[in-house]
Amino acid sequence: MDHRPQAWGRPRDDVYGAYDASFMNPNGPNQATQSPIVTGTSVVAIKFSEGVVIAADNLASYGSLARFTDVKRLRTFADSTVIGFGGDVSDMQYLDRHLTSLAIDESYSAPSLDSDAGGPPKARLNAANLHKYLAKLLYARRSKFDPLWNHLLVAGLDDDDKPFLAAADLLGTTFSAPSLATGFGSMLAQPIMRRFAPDEEAAARLTREQAVDVVKQCMKVLFYRDARSLDSYSIAVVTKDGVDLKENEKLENQSWAFAERIRGYGTQTA
Amino acid sequence: MTSIGTGYDLSNSIFSPDGRNFQVEYAVKAVENGGTSIGIRCKDGVVLAVEKVIASKLWRPGANKRIATIDRHLGAVYSGMIPDGRHFVDRARDEARAWRDTWKSPIPTADLASRMGGYLQAYTLYSSVRPFGITAIVAGFDPSQPSPVDGEVGRGPSVGPGGVKEGLTHGGPGLYMIEPSGLYWGYYGAATGKGRQAAKAELEKLDLAGEGISLEQGVKEAARIIYVAHDDNKDKEFELEMSWISDVDGPTKGRHEEVPRAVREEAERLAKKALDDDDEEEGKKDDEKMEE
Amino acid sequence: MAAMFSQNPVMNGPNYSFSDAPRTANGEFREHRFNPYSDNGGSTLAIAGADFTIVAGDTRSTSGYSINSRYTPKVFKIGGTTSSQDDATILLSVVGFAADGEALRDRLDAICKIYRYRHGKPMSVTACAKRLSTILYQKRFFPYYVHAILGGLDEEGKGAVFSYDPVGSYEREQCRAGGAAASLITPFLDNQVNFKNQYVPGSGTGHDLKEREVVPLVRRDAEILVKDAFDGAVERHIEVGDGLQMMTITKDGIEEVLLPLKRD
């Protein structure tokens, strides 16, 4: 019997064939993430006159298995920003912890809540700052060939307290637009949102209610057509007054009438 | 000072024949000269307050904070040598961060006090170092709800084994005072620094161990006690600095924050009024005596 | 099969084998599946005049057949004193993989800013051009996947355009098109800027034909040329469109205009 720890619990070669123990070899190449494991699907967001509405469903899939059904993929930071995470859930959790410690470090030197006259302006992390930081982090990780497998939307306010919405992906690519969607949403939800906010001016005319309605409509379409989506979702509205986050919303007024005419959606006899 | 000339006070890590470490006792002297710091453990939160001695007229009011945030839910204040206190805070922040890295959840107040107690104690053991010239008061509020692990997936079962039990609460307010020797105890009310005797006498009157007081009341008492402990005739001018921590459903949402200016100023107004009333009463008594 | 027999004297007979590198089921080395690059489409164009330089780019950002955003600038001011870049004297356009483009822009900008702080004057375009080449070549074996074009005024006040390949090979030119529609715009530029295939009327036939004399364009003509070039590219290339960002650098500073392009 081989008592070396490396051999503990391993199947015997003479019975099962050579065992690939490469992952235990300290001199071998480092294994970085090659593909995401537990994943979240689309995140959608749209700007309106005073802020941003952002939504994502509460599902974390394991391949095609709907594995975790109450995962909150919208996360609030510094009480003023919501980040929506698509892609790998463990990387999302890593980023969540990382940003939490960043926010704690920031609070050490936070000036008083109502700084006395003549004091320095409030130092705080706004959405634009967080987005820049995350984009640099994602780019640095892709440059190490060890990417954080996420596509993020950052919703909040910029330095001038104007609505801010921008995306960053696992390659460090960034872009900003009046409406954004990740994953399937970029094909299914983005055309709907662009009808209401084709440009910044149009987005600036949208009311909060209109923006929420559009996003809810998008979540419904995504649930109809994205097989890795869920009817339970989170939605957040970010404005100057803070973050209004609801984490247990249900899709309303679904109508599957359209499906009857489509082969593969339901029971079909011919 | 019976120690002087015996030689046993010249090195840390050397006991005197009657079992004392004089270097530690000298460190306590450094603390006794510092501005008064107090902490009050209330029913629904903790208050920290410090008498910040204005060492220079060139300081901007409100600048040079003395109370530090250790983690979201933890704060600390200290009396004695300020640079030692700053290092204490740095170390406490490292401990809090390391705890989060390991356990993915915030460090309980008791554990932070334990770690910092151990850290200070180590500085009494070696001849190459000197003990900390501070006594620190650490305050925290461990969340009463089962605290979510940072970035956890889902919330687990809602009922049954492993599920959330209705009405069960955890945590609560915590207050600890750590001395240069590394000794630390949990307190209902803690005071250190120059005015500690007067402050302790006032804290004992508050019935913190029995019925307890509310956080709002605590803020007012803390302000008053700092004013009481300050000797107008002898001491330099001071500024009152206060911070507080409540539960997640309280005014600070579970975080350690500076007491808002409006609340602090109201507490200071009441504190000054209480002092004036006392003086008047003393005056009256004196008058009565005169009449006799 | 030495590995079949243990170093451990207690053991003889079959053993547990430990191979070195991850392999596929076929026994071949397994390669990294992660691709660190992508293509965000778009096109850029720069033209040097006698006393001006125009650097332009469309503002569309794409991933495959999707439009990420209709306004993502590709032309940047470089080396201003502050982040507002009000007093910048150099323009950089990058097209290709947008994340690399922004990283490259940030690095060049930081270097130019440090130069400005240390020397008390902005870097010359020619110096900046060489520096950019070095930055690109430093990543020779993990290149910035971009086609960069640098524009400015040289020490004599003449318009200068420098164009680069992804690993730092560069050249000063009169004009250059880059990105998705480069192959569409380049022949147009050859004809309209460098007067290729233009001959003096009546100068004869065959080898007697006299080429039209090449002179720098006037600013207004160059600006129209840029707009026409992009209008043409938009018609024929799906990754180009939405907006045209055009920056013109003269001795008086940098002017920026944003013109609409087709959004289809």
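Chains: A, B and C, in written order; residue numbering restarts at 1 for each.
Rule of thumb we're sticking to: contacts are C-beta pairs under 8 Å (C-beta built on N, C-alpha and C of every residue); 3 or more make two chains touch, one makes a residue touch a chain.
The structure displayed is predicted, hence computed values, not measured ones.
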From the centre of subunit A, which other chain's Cα mean sits the farthest off? B
Quick check on this structure: which chain has its C-alpha centroid closest to the centroid of all protein C-alpha atoms? A
Can you compute the centre-to-centre distance for subunit A and subunit C, using the mean CA position of each chain? Integer Å is fine. 30
So how far apart, in whole Å, are subunit B and subunit C when each is placed at the average of its C-alpha atoms? 59
Rounded to a whole Å, what is the gap between the Cα centroids of subunit A and subunit B? 40
Of all residues in subunit B, which touch subunit A in the complex? 60-62, 65, 68-69, 71-72, 93, 96-97, 100, 104, 150-155, 255, 257-258, 260-262
Applying the document's contact rule, which stretches of subunit A touch subunit C when the two form their complex? 1-2, 4, 6-7, 10, 12-14, 18-25, 27-29, 31-35, 135, 139, 142-143, 145, 147, 167, 171-177, 180, 186-187, 190, 199-200
Within their complex, state which residues of subunit C touch subunit A. 6, 8, 10-11, 13-23, 32-34, 36-38, 40, 61, 63, 66, 68-72, 97-99, 102-103, 142
State the interface residues of subunit A toward subunit B in the complex, per the touch definition above. 38, 60, 68-71, 75, 89, 92-97, 100-101, 104, 107-108, 110, 112-116, 118-119
